[in-house]
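Both complexes below contain chain A, partnered by chain B and then by chain C.
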Partner chain A sequence: MPETTAGIEYTKVAEIKGPLMVIDGITKASFDELVEIETSEGERRLGKVLEVGFGKAVVQVFEGTTGLTITGTKAKFLGKTMEMPVSQELLGRVFDGLGRPNDGLPDPIADKFLDVNGEPMNPERREYPTSFIQTGVSVIDGMLTLVRGQKLPIFSGSGMPHNILAAQIARQAAVVGTKEDFAVVFAAIGVQYSEAQYFKRSLEESGALRRSVLFLNLADDPAIERIITPRVALTVAEYLAYDLGMHVLAILTDMTNYAEALREISAAREEVPGRKGYPGYLYTDLANNYERAGRIKGKDGSVTQVPILSMPADDITHPIPDLTGYITEGQIVLGRDLFRKGVYPPVNVLMSLSRLMKDGVGEGKTRSDHMEVGNQLYDLYSRAQEVRALAEIVGRAGLTGTDLKYLDAGDMFENYFLKQAADENRNLEETLGRAWEVLSTLPEGELTKIKDKHVKQYYKGSK
Partner chain B sequence: MSSNSALERTINKVLSKKETELISQIDAAYQESLKNIEDSKSKLEAERTKIIESAKKQAENLKRQIVGSSRLNARNKELLMLENDVNEAFEKAKARLMSSGKEESYKSLMTRIIEDSLPTVGSDEVVIECNKNDSELVKKILAESTKKSRIKTKISDQPINVIGGVRVKSADNTMTFDNTLDSRIERLKPLIRKNVARMLRGTAGEEE
Partner chain C sequence: MVVKGRIVWVSGPAVKADGMSAAKMYETVEVGDSKLIGEVIRLTGDIAFIQVYESTSGLKPGEPVVGTGQPLSVLLGPGIIGRIYDGIQRPLDEIAQKSGAFIGRGIQTTPVDMKKKFHFVPSMKKGDVVGPGSILGVVDETQLLKHSILVPPYHAKDAKLVDIVAEGDYDLEQVIATSEKDGVKVPLKMYHKWPVRKPRPYAERYDPTVPLVTGQRVIDTYFPIAKGGTGAIPGGFGTGKTVTMHQIAKWADSKVVVYIGCGERGNEMTEVLVEFPHLIDPRSGRPLMERTVLVANTSNMPVAAREASIYTGVTMAEYYRDMGFDVVLVADSTSRWAEALREMSGRLEEMPAEEGYPSYLASRLAEFYERAGRVRALGSPDRAGSVTLVGAVSPSGADFTEPVTTHTIRFIKTFWALDTRLAYSRHYPSINWMQSYSGYLEDVSKWWKENVSPEWYELRSESYHILQREDTLKEIVRLLGPEALPDEEKLVLEVARMIKIGILQQNSFDKVDTYCGPEKQVKLVKLMVKFFKEAQKALKSEVSLTEIRAMPIITQLLKAKFEIPEEQLQKLQDLDKELDEQFRKLSAGGSKTEEVKVVA
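Up next, the complex of A and B:
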């Protein structure tokens, strides 16, 4: 839109309802157009057009409508969608949930202005993610391998250490064989101040803050802003990846708060509710964000997404984790039982999966036995869980010798392989070494998922 | 007498036995102590290595943190200084615009601004606001343009405090189109800032 047509200001506010404002007498407005609202006291807020027609426009006010009045409120339609100024200078900066500086520094001097909704990636230009990312966390590297361009969410519950795990991944993530560091884009969506501070401090202490961009919408910030936070964050991530050729790790926490904000707007618009009151388009909306991860042919960079969502009442069938699971390429599920046992990271491997692992590991990428070791560990732990359940009924005395070995191997898996310190960075050799030590507690004949040549090479137990 | 010597022999025998026992016990204890010291030495060595490793790790982290924060702080200071310079450039540019009222180029700019603004509001009757100095110029331009346009125009009696340009309002005051130079500068500020910053950094034209 030419710059001269921008900036018509309307004063006829017909209705204010929840986070929405209906403006009358509209001659020119377009869907998703950015609106600057000025209150009667001169305070300025931002909003966007949700619907236009019959001379009216429905505007969603990001900062909420508290304090707005029908008389005296002005709405200026800016003739453009919401844009984020982007440049390399964004690295090391802290912004609010709408992408405005929050660190006392001026607006970034932009190299470009990008629409926060992003541009759909041409499916033909997408490159299949196959490059291994070493996170230094054994359970992820060994069994739930993350690859560049993947979207792998962490399904967590309230009070569990998902942020500690995400911060550890952010600090330690490395592309094996290169000295390249990941740029980190962190979007805090409705999280507590302490959580956001933890993340910031963690990046600062590891010296990673200067290759990070933080967007903070805290729990006491307006809920409606949360609709924009992941979008601005992913816009910056895309710029860093595809324009500057960086490998970007985008951490979005907590997507549950994002979905709540979506529900709030949907209720105010009186839309037909879907499951648990979330709008019917929750799937599409989540996909709009999650699908902004990936790699593009001919471009050096990549956007790897680690969205975090807390499952209400640890319910994995809740619409948010349920729909997320359909879109993302696997999930890391944190388990309450392991957390109570004091195991960090409390990853419930039997519920977790990385769908792209098979393409990112093996000969030439990691190690030829990697996939088989991962599969065998799944088998081991699953059997150990069954034996644990059985032991609760019949007692240890009722178990066979092999069962007892599985029982011990299960404990060793949790305490030696899974458990690690929050600042412990294990390389892949160490991870696989530990995996083999756990597997070597089983009789050789039990290792049915591993090729003989690998068993010969790495098995340390008794025949 | 003989019983006494037998007793003495027995006592001596017991004493000697006890002495040997004690010596061997002392010897064993001594050996054990040596072994303990040796064990402790290796434990201590391991502990020492662990402490040194952990301290090295901490020092490395601290170094990374200090270097990272210093670089970031230096960059942030540079950003603040640049912002000051950019703002100064803006103020100077505004001052220059203020004094450009009599130039011929300003008249053609105002004509374009007014011609663009009138239809934008979309009302048949509009009120035009401008600053005190421009009021005559606006009247002149309107006199020429209303011949071409069917929009009824009126110039507001209340001058506005702006550098230049006009603000067009619908007669019922429900719509306003702010096309003053101030508002245009504000609107285009992000783009202008980018160019000014490039010039100040001496990278003008590098990317173009």
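Up next, the complex of A and C:
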């Protein structure tokens, strides 16, 4: 961007509404430009230009407009978009939601400054993700395989253990047989202090904290800042991945708070809303964050994203989970029923999906029966659920022999395969072994998704 | 006269400029100092509203806007196939060469390599009459595709060819022929340009009667689409739209495939780029990439170019249609295109209709789907070509009553309704067989009867009837349990289950199951129908349902789709014999075994 506008200061505030400030008398300002605001008390805040015309600019104030005044407020247009200073020194550090140190240590020395908005990755230069990540969680490894460079969110609900699961993934995730550089980027977006603390401690205990970068916008931090938090975090993730060649796991929690901040701005701008008051561009905006996962041809590193979001009222059709699901490469959905039953991880497998599993498993990557076993388990559990519903009406006595087998297999699936401890790290052999034990309780003829040769090799049940 | 204006307002992809009174509607303009590409979408006094196809970050009021005098157009000529473009026909590989792994701005590119030489074989000679659509000659665009060099549709009729080059290697900028009419000479090259928002003309429209064979059982057998027809595939996230689109792009028996990734995932485009060069077209034995062109405007790329991508794609499709080819265009997803419309409309502060979409949403959708069709192309020699349009729809909350879905349904004839519940139970493709329909069923049945099997229509109806019966019985089962039904009806449930698993479900990722040819489709359906009839007979002759359920042939039938590859279809004959044999044994077994009931 040309430097001509840099440093111009304006004092004519025409209007303040919600998180927005309208500034008059503008002669030179550009779209998306970063603005430094000085309140009449001398406090500094940051904002950016959302709309600009001759003589007028609409500025969004990240730290909120509380306490701003029409007279006495100064706005300095910085002639650049928002940038994040990046370098290797960021590892082990904690920042606020706008990317400023908040661990009491000095500013890290920057290797370079990067626009936090990033740029769209050219699909022609993407490397298609195919490396299996072993998370040690059976249901994920066996049925919802995560691969490097994937974006796989956790859809949760209030009170459910999404944080425990995400932290377990962060601790245990490994690509089998390699010892490569990895890093964790963690962005807390409007979450409670205790949740952020839980993550930090978990990373500390596993010794991963010095390979992590934390961005914290907590529940009592300014809401509008949340628009920036995932962006600075992902900017750092991209830097670590593509400049330093690290394999980065980026955890963003909670994207629902992010979307709400977006809605707040949209409402203040009086835009025509889409569903439930969220702006019509929510999809595009979320995509601009989620698409910042992946791999690049010829580069070593990768960005794997695990965004977490809470579904308002556990409703998966709510715009936030809905649009997220339309962008991400699958979803891990936590289920209230299993959670109440005390099953950890309470993954509702039927609603969950990993779209890149097919590319990360199989001959030469994991095991040749992996995909088929996953498919058959889905089939098993889906049948088991149907039979359960039926059993409620007709009772066990009204069920045929095969149905009864499914009923029991469903229980075994939940208790023996799905359920595990939050610190239990199962390797893939064990996961698939357990899967076959469950499948082997069914008659052989039921395994219609598995090739005969794999049935011969692994099936342990009776005809 | 070149229009020169000045930016007065910027908000995201929307820009207002003054001094634009001489600008034309839909003219492309260069916006700002970095010459971003934009298009005029509204004129009020001397103010033009411009949608900008690149990120406007850093753009300032006061910067210039310069008109090009041209509407948004694509370049049509050899060299398109096998490429990947953004929404306004900029090659993504060229962009990558200039700006690396991330897409920069203001990058100038050419859609095809103008310096590349093609071997031109003339098919006309000096003195011949030429007009719009005449074929001057052919070049091999890829080993799979003979590309006809067309006289542009806007050329004068009944002109005379006064010059044409001899067979040889020429690049795109060389004049290969000259026409003359009324003393006006027109140089002709191997390419021309065409405005994307304007359908290319043709001589005559035909009824679509030939099915587009996709190798997908539930599509071809139950809800077929015809060449030159239209289809939509709506479904919530993760229900299988993209996989189905990929399957059509891979296996459809068309000559050219245009794949538009419109506001979807980057990795899905990469997947096509990685996979297609290695996949072999079953009919020609050549890599699929040699017949495919990709238009990629992913969800994080500028939203205005997403709006344009649909038109860019369909114009290229029409161009290959005009050579006399069958072209299939898949657009994933038209909802993202509609959202782009909505976003621009919102920035222009237009009065919204339902859910914020502009009131012209329906007419834009109609215009798009109207560009499908089987036609007689302009010019000589006589030839027919087709454009088949298939659009994915991504309804918010998987709710089919939202505006994009409801309006789309009005303009398409094949409707593949994806069902979230089926997807949850891993029934893929999760096309709901009760909700879906095809308006081409009767039209294409003649082709099936003549080319595959005289029984096609009956087999389809009989098997579909079993599914319909199951659908009604399901209600009773839900309330009373299956034991409330007589054995005959329990059998219907059993066979419906077999049809669902053995026919409707098709695993795209299985080497064998991914493509199922017409013959295999018919034979599999026939086996299921036969099983049903034999089992009915057996039940009447005192064989118990338990015995029928225990027949090993069932699992064999269910696995035939992936255990028996296309080259070994005779094994289906063996299965047929095995079926006869097992039923013979059953009825010979005579003594009726007691229905085994497990006591709880």
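We adopt the following convention: the second predicted complex is superposed on the first by the 457 of 463 C-alpha atoms of A that agree within 3 Å, B and C clash if a C-alpha of one lies under 4 Å from a C-alpha of the other, contacts with A are read in each partner's own complex, and residues count from 1 in each chain.
Here is the rule we go by: a contact is a pair of C-beta atoms (placed from the backbone, for glycine too) under 8 Å apart; a residue touches a chain by one contact, two chains touch by 3 or more.
All of these numbers come straight from a predicted model, not from anything done at the bench.
Once chain A of one complex is fitted onto chain A of the other, the partner contacts of A:K28 extend to both chain B and chain C. By the touch criterion defined above, A:E89 lies against chain B but remains apart from chain C after alignment on the C-alpha atoms of chain A.
Counting the residues of chain A touched by each of chain B and chain C gives the higher count for C.
Of the two partner chains placed around the shared chain by superposition, chain B is the only one that A:E204 touches, whereas chain C remains out of contact.
Of the two partner chains, chain C is the only one that A:A287 touches; chain B does not reach it. When the two structures are aligned on the shared chain, A:A422 is found in touch with neither chain B nor chain C.
In the superposition on chain A, A:A14 makes contact with neither chain B nor chain C.
Shared-chain residue A:D111: touches chain B; no touch with chain C. In the three-chain superposition model, chain A touches both chain B and chain C at residues 5, 28.
Of all the residues in chain A, the ones that touch chain C in their complex are 1-2, 5, 28-33, 50-54, 81, 115, 117-129, 149, 242, 271-275, 280-281, 283-284, 287-288, 291-292, 294, 296-297, 299, 317-319, 322-323, 325-327, 329-331, 350-351, 353, 355-356, 358-359, 371, 375, 378-379, 382, 390, 393-402, 404, 445, 448-449, 451-452. Put simply, chain A touches chain B in their complex at residues 3-12, 25, 27-28, 74, 76, 85, 89, 92, 103, 105-107, 109-111, 113, 204-210. Interface of chain C with chain A (complex): residues 8-12, 16, 33, 55-62, 84, 92-93, 95-96, 99-104, 236-238, 261, 263, 265-267, 269-271, 273-274, 296, 298-301, 303, 336, 339, 342-343, 346, 352, 355-356, 394, 396-399, 424-426, 477-483, 501, 507, 509, 549, 552, 554-555, 558-559, 562-563, 596-600.
If you check the complex, the residues on chain B that touch chain A are 61, 64-65, 67-69, 71-72, 75-76, 79-80, 82-83, 86, 116-117, 120-122, 173-179, 183-184, 187-188, 190-191, 193-194, 197.
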